[in-house]
Structures are given as C-alpha cells and as structure tokens.
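By written order: A, B and C. Residues from 1 in each chain.
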Amino acid sequence: MTSSDAYISIRNVDKYFGTFQAIDDISMDIAEGEFFSLLGASGCGKTTLLRMLAGFESCSSGEIYIDGQPTSDIPPHRREVNMVFQSYAIFPHLNVADNIAYGLRKQKLPRAKRQEMIDEMLDLIALPGYGKRRANELSGGQRQRIALARALILRPKVLLLDEPLGALDKQLREQMQLELRALQRQVGITFVFVTHDQEEAMTLSDRIAVMAGGRVLQLDTPLGLYENPKSRDIANFIGNMNFFRGVVRRDGSREGAIDVEGLGVIPVPLEQLTRPDGAPVQVALRPEKFTITPDEPETAPRVAGKVRDSAYLGERSHFYIEIPDKEEPVAVSSPNLTRNDRKLAEARTGKPIWLSFSPESIVILDAE
Amino acid sequence: MSDTSYIKRPNRPLQVYAVIFLVVLYTPVLFIPLFSFNDSIYVTFPLTGFTTKWYAELWTRAPVWNALMNSVKVGLSVAVLSTLLGVVAAKAITRHRLPGKSAVVTFIMMPLVIPGIIFGVALLVLMSRMGVSLSLYTVSIGHLIVCLPFAVATLLPRFEGFDPSMEEASADLGENGWWTFWRVTMPMVFPGVVASLMLTFTISFDEFIMAFFLTGTDPTLPMYIWGQLRFPQEFPSILALASLILFVSFFMVFLAQWLGRRGLDEDI
Amino acid sequence: MLHRSDALRGYLLMSPTLLIMLVGIVAPFVILLTMSLWTRSGFEFDTTLTLANYERTWNEPIFGALLKRSFWISGVATAATVILCYPMAYYVAFHVHRNKMMWIILMTLPFWTSYLLRVFAWKVILGYEGVVNSGLIALGFIDEPLGFLLYSQEAVIITLAHAWAAFAILPMYVSLEKIDKSLLEAATDLGDGPAARFLRVTLPLSMPGIIAACFLIFIPTTGDYITPALLGGPDGVMIGNFIQLQFGPANNWPMGATLAIILMLWIAAIAAVFLFVTRLAARRVA
C-alpha cells in the first residue's frame, strides 16, 4: 500500500508518560474502509495508540493525519472519530434512546428526524423497540451494541474499538465477531480495532499490526502474518510454531539449501535465500505442515521419529514427536480424515512413525 | 448455595451484643427529648407530668430565633461553599494526573485529625493579628475548614465510583468540557452533592469549638445553648431546644447518608 | 499540548480549595508558632522572640501533669472505644447480610449530631440530681446521690468513648469488610478453629482499621474542651481547657499558643511512636 491512498496516516509518533515510552516511533497507514487491528499483549501500547487517534492522549512527537488533516490541535469532542469503549461507558442515567442520541444534541434535529435516526440504529444493531429500556437492564452483549450504535449514529470517519468483545463470554464473543464484521461491511466505515486475542484479530481484520514494547513488530494481512512471520516472536504469538536451527548451504549452483537440525538438507530456491553460505538461520515450521504416516513415505524431505505424546481433539489430533538430533520434540497437528488417522491418534508412546513436509512450507528467520 | 456459609453462620452472643450496643448508643441522647416533656424544672426521676410548655416558651424567645437565624445563615453558606469546593477538588483529584496527589489529599483531610481547639485558637490568632473583628464571617471561615474534608470525603467516592470513560465517551461524542460536566458528570455525582450539602450544613449547624473561639456578638445556636447552660432554671427549655435540633439533625444526616451511599454499593 | 498541561489544569481546578486550606491551616499555624515565641507584658504582647514560654511549661510541673492527664484520659477512652466497637464492626461486616447500609447509618448517626448536646445529655444522666442518681433513689437502691458520677475523670472517659464510637466503627468496619472471605475459609480448611482463625487471620488483616480508629479518636480527644468543661470538674481538667483559659480569662495568648504548639508536637510524637511500634509488631507477626 502506498501512502497516497492512506486515510489515517501515523507519522513518526512517540508517546511518553513521564520517562516511560509507551509508543516508540510508529509510522503506518490505514486505508479508507479498512478493518484494521492493533494486536498485542497488555502494555504493548495498542490502547495508547487508539486513544491518541481519539484525541484522549497527545503525541509527544510526530503527527497523526486523518483524511489528510493533521489532528494534534483538534480536541476529542471536535474529532469526527468515535470510539467504543472497553467498558462500553453506557450512561446509566439515560435510557437506550438517549444514550444513542447523546451526540446529536448539537445538530438540533427536529424530533421526528431524531427518532427516525434512533430507530434506524436500533434496527441496525438488531435491538428494535429497546429505546425506553434503562442502561442497567441490558446484558453485556446489548450494551456493546448500544455503544456501537451511539458511535455510528454520528457517521464518524473512523470507528475506534477498544477490546469491545473482551467482557463477553466465549460463545457470545464469537457471535459478535461475525456481527461486527458484517456491520463494518454494511456501513463501510474505517474500523480500528484493539485486541489481545490473535484469533479474534485474524477473524475480523483486513490487516493487523502486531505490537510489543510500543513498536509495531509486523504489519500484514492475517494470511501474511501466519504464513510469513518476520520474527520468532510473531511466529509464536500467532498460532504455534516449531523452530529448528539451520545453516545456509550454497555451492554456487542454481539450487540453494539449508542444513536443518534433525530434518537434514532441505532445498530452497535461491531467491528465498538472501544469506551467504554458512550463515546460521532459524527454520520455522507450523505443526499442521507436517504429514504423519506409519510407514516411510515416498516424498522428500522426510524423517523418522517416535511418538512421545498424543492428544485426540476430535477433528484433529496433536502429537509430540521425538526425532534424532533434536532436543525438543516436534509439535505436529494432523487432521482426522481417515480410519488410519484415527488409529494413529491412539498411538502409544514410543511408536515409530514418519514425518514428511513440503520444502515450500518452511519459513526462514534470523538466527537467535 | 446455602444462605449462610460456614464463616457467616449466625453468632447469637454477637447479635445480643449488637443490640445492647445500639441501645447504649442511643439511650443517652433519648433522655433529652424525654425530659423536655417533663413538667418540672429539675431533670430528675420520677417524671412528674407531661407538658409542652417548654416548647411554647421557646417559641416566644427572641434570642433563640436570632441564634437560629445566625446558625442557618452560616450553615447554608458553608454548605454551599464547601460542597462547591469539594466538587472541584474531587474532580481534580480523580480526573487529572496530579503529581503529589496523595499529599494534597492528606493536606485537605488534615482538619479531621487535628484537635478542633488548636484550629480554633490558630484562626483566632490569625484574625486578631489581621485586625479582622470576630463575626459570623469568621465563624463561617472556621466552619469551612472543618467541613471541607467531609465534603471531599463524601464526593470523592462518587467521582471514583464511576468509570472515567463515561466522560471520555461524552467528549468522543462531541461534547466539550462544560457540556460533559452538565450532561454526564453532574447527574452521576448528584446524590453525592446533595449528601455533601446536607452533611456540611449539619456539621456547621452543630459545630461548637470553632464558634466558641470565633464568634463575635452574634451567637450561633450552640453558642446560645452554651451560654444558657450555666442557668439551671433554663435547663428545661434548653432540653426542648436540644430535642428539636437533634430531631432535625438526625433526619438530615440520615437522608444525607442514605443518598450518599445509595447506588455506591449495590450489593449492600 | 492538550494533555501536557493536564496536571496544571488539575491544580488550577484545585486552586480555590487549596488556597482556602492554605489560608485556613498554614497561615494560622505560622502565626500561632510566632506568637508562641512572644510574651505577655501587661495587656500587650512583647514581640521579641524568646523561648520563655516553653521554658516555663518545662519548669512548672502543672503543665506536664495536665498533658499527662490529657493523654491518659484520651488513651483510656480510645482503647475502650476501639475494644467496645470492634465486635460491632465485626458483626456488621460478617454477620449482617441484608440492610448493611442501614446498620452503618444507625451506628454512625449519633456522631453527626451536635457534640455539645451529646455531652450535655451525659451531664443530664450523670448529674448530682441526674437520671442515674434520681433513678436509683426512686428505685430505692441508694439514699444519697452518688457524688463521684459527675465531675470525674471517669465521667469524661465514658462520655468521650460514647461520643466517638462512630469514628472507631467506620474504619474498622471498612478494613474488616475488605477481608476476602475465602481467606477465612482457607484458615478453617487448614485446621484453625474460630478463635485461632480470628487471632491469626482476621485480627492481623483488620489492623489497619484498628490503627486508623486509634488515631481518629486519640488525636481529637486529647484537645477536647467541652467534655472536661461540662463533666470533668477539677480532677478532669484537660489541656484543652487550659489553652482556652489562656485565651480567655487568663488573657495570656502567647502562653496559649505555646501550649497549642506543644500539644501538636506531642500528638505528632505519640502518633509516630505508635505507628513505629505497630509496624514493628506487624513485621514480627508476619
């Protein structure tokens, strides 16, 4: 993405609280209509960045542009950016309709028009007829939707969501994820979504910025983050990953290769192999990229191993496999499709098996 | 789950103790209204007969009315001022990143743990050195110092008790600080404001030691009572006056406490 | 820009309150301290700074005796109040399930009503021809009124303990209420009976409340004026009455200022020692 189609443009932003640096030189662009997530553990700076977009925190240095306008001098109440708070912040002294219409005061709308807008919003969030309810009569999921409606009725340029699903139980959360995604497509507003739940971020987002220590570690699509993590931290944070030590082998021919501990020499196309001969690297492989078979397969690369532990999880099974020349066992996730698969799932400790994988499925990372 | 867990199962001796405690707590005060209806100038048993003449006599006494008006004037202005100052202080304490916040709070709460007499004489010395003559104004200043900690203590939990993101939500939805205060903050803390007004009024109305040192020629009601205490023949009418004050105070404080705590701890 | 000045705006908002407290607390104390270094000469003040008043209070035994008596009376009243109120706070924290708020209001209500009138009520009760004496005579238990009831240290102690009960209950109740009930269940589960559980878990965890209660009662009562004035008699006179005497009939303001300063210093010292000892004890227990 080029910065010319950036709708939100964050440029070299720092944020200090006293001497603590919460945001460390972040620059990134978010496109119009995008569902964009800030993902990271608590304290990584994601909420601070969101609050800077809303205007509740200032930039210590740098600038945030929204729709081409620098925002530093615009206080929160004049920004055409609205937020769904983590606690929802539904006003307890107002009923649902008055909560939703809270931001409409300055527009001085005729009563009928105002009511029409409220009803429209109540329909949008699938709570028609709830206008007269009081805030404390609502469930968590309902509050979350009211908070959404209250922000969306103002047709903001950007909607900010601060872990809006965090307070809900698992089942409701999954349902709300689907609704939220559908709602975003329907209204077409840019969403910036903060979460610590990688699965949630993957489900919802067009793109994700993974944050830690006030920095952006990697900004990519869910697919990109999963298939091509740029570091061991990212690889670990999103899904599970096996790591192997390896050494680059280039003998001047067209084919390169990596000598991987326990897995042998794996051919790698030269264009993926930017490092010189003999350079140490890490090779990462997702558990589901392995194929597990009782007999030696014909495909290469392959390696013999023994089952250390196995767990049957219904649609798939998890294994820990010991292979020669590697201390830690390899995690393998295998779908249960055939009868043979299911039989394997009941494999006892020590049962010899074979692992195979496609050379293209490996990820090459810098050595530790 | 059973209604009473192992830890919370009833404890009979403690229940009896609690009842006795309350009886002992209230009995001394109840003798005042009891004897105020007694048809005798002496406050002794046995009671001699029922009368309301002490109340009637009170009605006709000009100095009582005068002192009452003084106390109400001081009480009202102190209540309004200390609550106003309490609101801004509580807002500043809870809504801004104040360096040295705990020191500031401790400073405001200090009058709670300093003997009143020291405050009284210190203010007396200050007033006399500044050449300010003692009046209801000096009494009001003394009462303001005494009441501020109570106003802040009543209002702080109210401000702490609601999510600051309520106010942020209001700003986010387009309201500036002024409108946010009136549309969100004020409705949320309103019970606390009423409680603070009533509490500070009652404290000022009943306050003695500050008034003792800072009153000029216009006495407050407690000062008037103090003056009458040395005349035994005035005892019954003082009892009648005290009964009225106690009744009003009890009512006001009960209402203030009830309002102040309502909604703060729902599960209680 | 908006938030860098957040602290400044906060203090700006605080400024009226802080200003009043400064004028009402700091300024008077500075002047009080200054005046304590003056002396009286006739009806005027000799404003040369001297420690003469402090020397006098050191040399004349009456001052020391009065201070000692004040601290003794307050100390006994504080201990009695805390001990008598603890079961009450405990009861409401652990054994009242419905209408807790009602109980708290009931227990603290008398505290908010006129202190003067509550002390006055005790005068009515303990007086020579008061409720107790006349009641006992009417019932035939005694022939003569009991003279020791009024105008004694005991009368002052009883009245103070009664009057300050709410200040003891509230902090103790708060710290008891905060105790996680599962801790008590854990203690029981690990083999403690009710008594051991109370001594090893409940009491140590409620210590902050007890300490707060002690401070909240001891400090204001040492300087109390009304109670000893109405109920103390010659044996029950406390330092507060003596301070008032200096500002009133004796008309020796510098001396009164000196006594007020000395009282504050002693209170601060006693509070510090008390805090130190309880911290030490807490560490010993832990």
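To be clear about the criterion, a residue touches a chain if its C-beta (ideal position, glycine included) is under 8 Å from a C-beta of that chain, and two chains touch if they have at least 3 such contacts.
Going by UniProt, the chains are A = Spermidine/putrescine import ATP-binding protein PotA; B = ABC transporter permease.
What you are looking at is a predicted structure, and each value in this text was computed from that prediction instead of being measured.
K.L.:
Indicate, using Cα centroids, the chain positioned nearest the centre of all protein chains shown.
P.N.:
Chain nearest the overall C-alpha centroid, as shown: B.
K.L.:
Computing the C-alpha centre of each chain, which chain sits at the greatest distance from chain A?
P.N.:
Taking each chain's C-alpha mean as its centre, the farthest from chain A is C.
K.L.:
Given the contact rule stated at the top, which pair of chains has the most C-beta pairs in contact?
P.N.:
B-C
K.L.:
Go ahead and note the Å separation of the Cα centroids belonging to chain A and chain B (ABC transporter permease).
P.N.:
Each chain reduced to its C-alpha mean, chain A and chain B (ABC transporter permease) end up 55 Å apart.
K.L.:
Taking each chain's centre as the mean position of its Cα atoms, how many Å separate chain A from chain C?
P.N.:
Roughly 59 Å separates the two chain centres.
K.L.:
Could you work out how far the Cα centre of chain B (ABC transporter permease) sits from that of chain C, in whole Å?
P.N.:
Each chain's C-alpha centroid was found; their separation is 18 Å.
K.L.:
Would you mind listing the residues of chain A that make contact with two or more other chains?
P.N.:
55, 75
K.L.:
Quick one: in the complex, what on chain B (ABC transporter permease) touches chain C?
P.N.:
For chain B (ABC transporter permease) paired with chain C, touching residues are 3-8, 10-11, 14-15, 17-18, 21-22, 24-26, 28-29, 31-32, 35, 42-46, 85-86, 88-89, 91-93, 95-99, 104, 107-108, 110-119, 121-126, 129, 141-142, 144-145, 148, 152, 199, 202-203, 205-206, 208-209, 212-213, 222, 225-226, 229, 238-239, 242, 245-246, 249-250, 253-254, 257-258, 261-262, 265, 268.
K.L.:
What does chain C use to touch chain B (ABC transporter permease) in their complex?
P.N.:
6-7, 9-11, 13-14, 16-18, 20-21, 24-25, 27-29, 31-32, 35, 84, 87-88, 90-92, 94-95, 97, 100-101, 104-110, 112-118, 120-122, 124-125, 127, 129-131, 133-135, 137-138, 162, 165, 181, 184-185, 188, 215-216, 219-226, 230, 240, 243-244, 247, 253, 256-257, 260, 263-264, 267
K.L.:
Where on chain B (ABC transporter permease) is chain A touching in the complex?
P.N.:
Checking each residue of chain B (ABC transporter permease) against chain A gives 162-163, 165-166, 168-176, 179-180, 183-184, 187-188.
K.L.:
Flag every residue of chain A that touches chain B (ABC transporter permease) in the complex, lowest number first.
P.N.:
Residues 54-56, 75-79, 81-83, 85-87, 89, 91-93, 102-103, 105-106, 150-151, 154 of chain A touch chain B (ABC transporter permease) in their complex.
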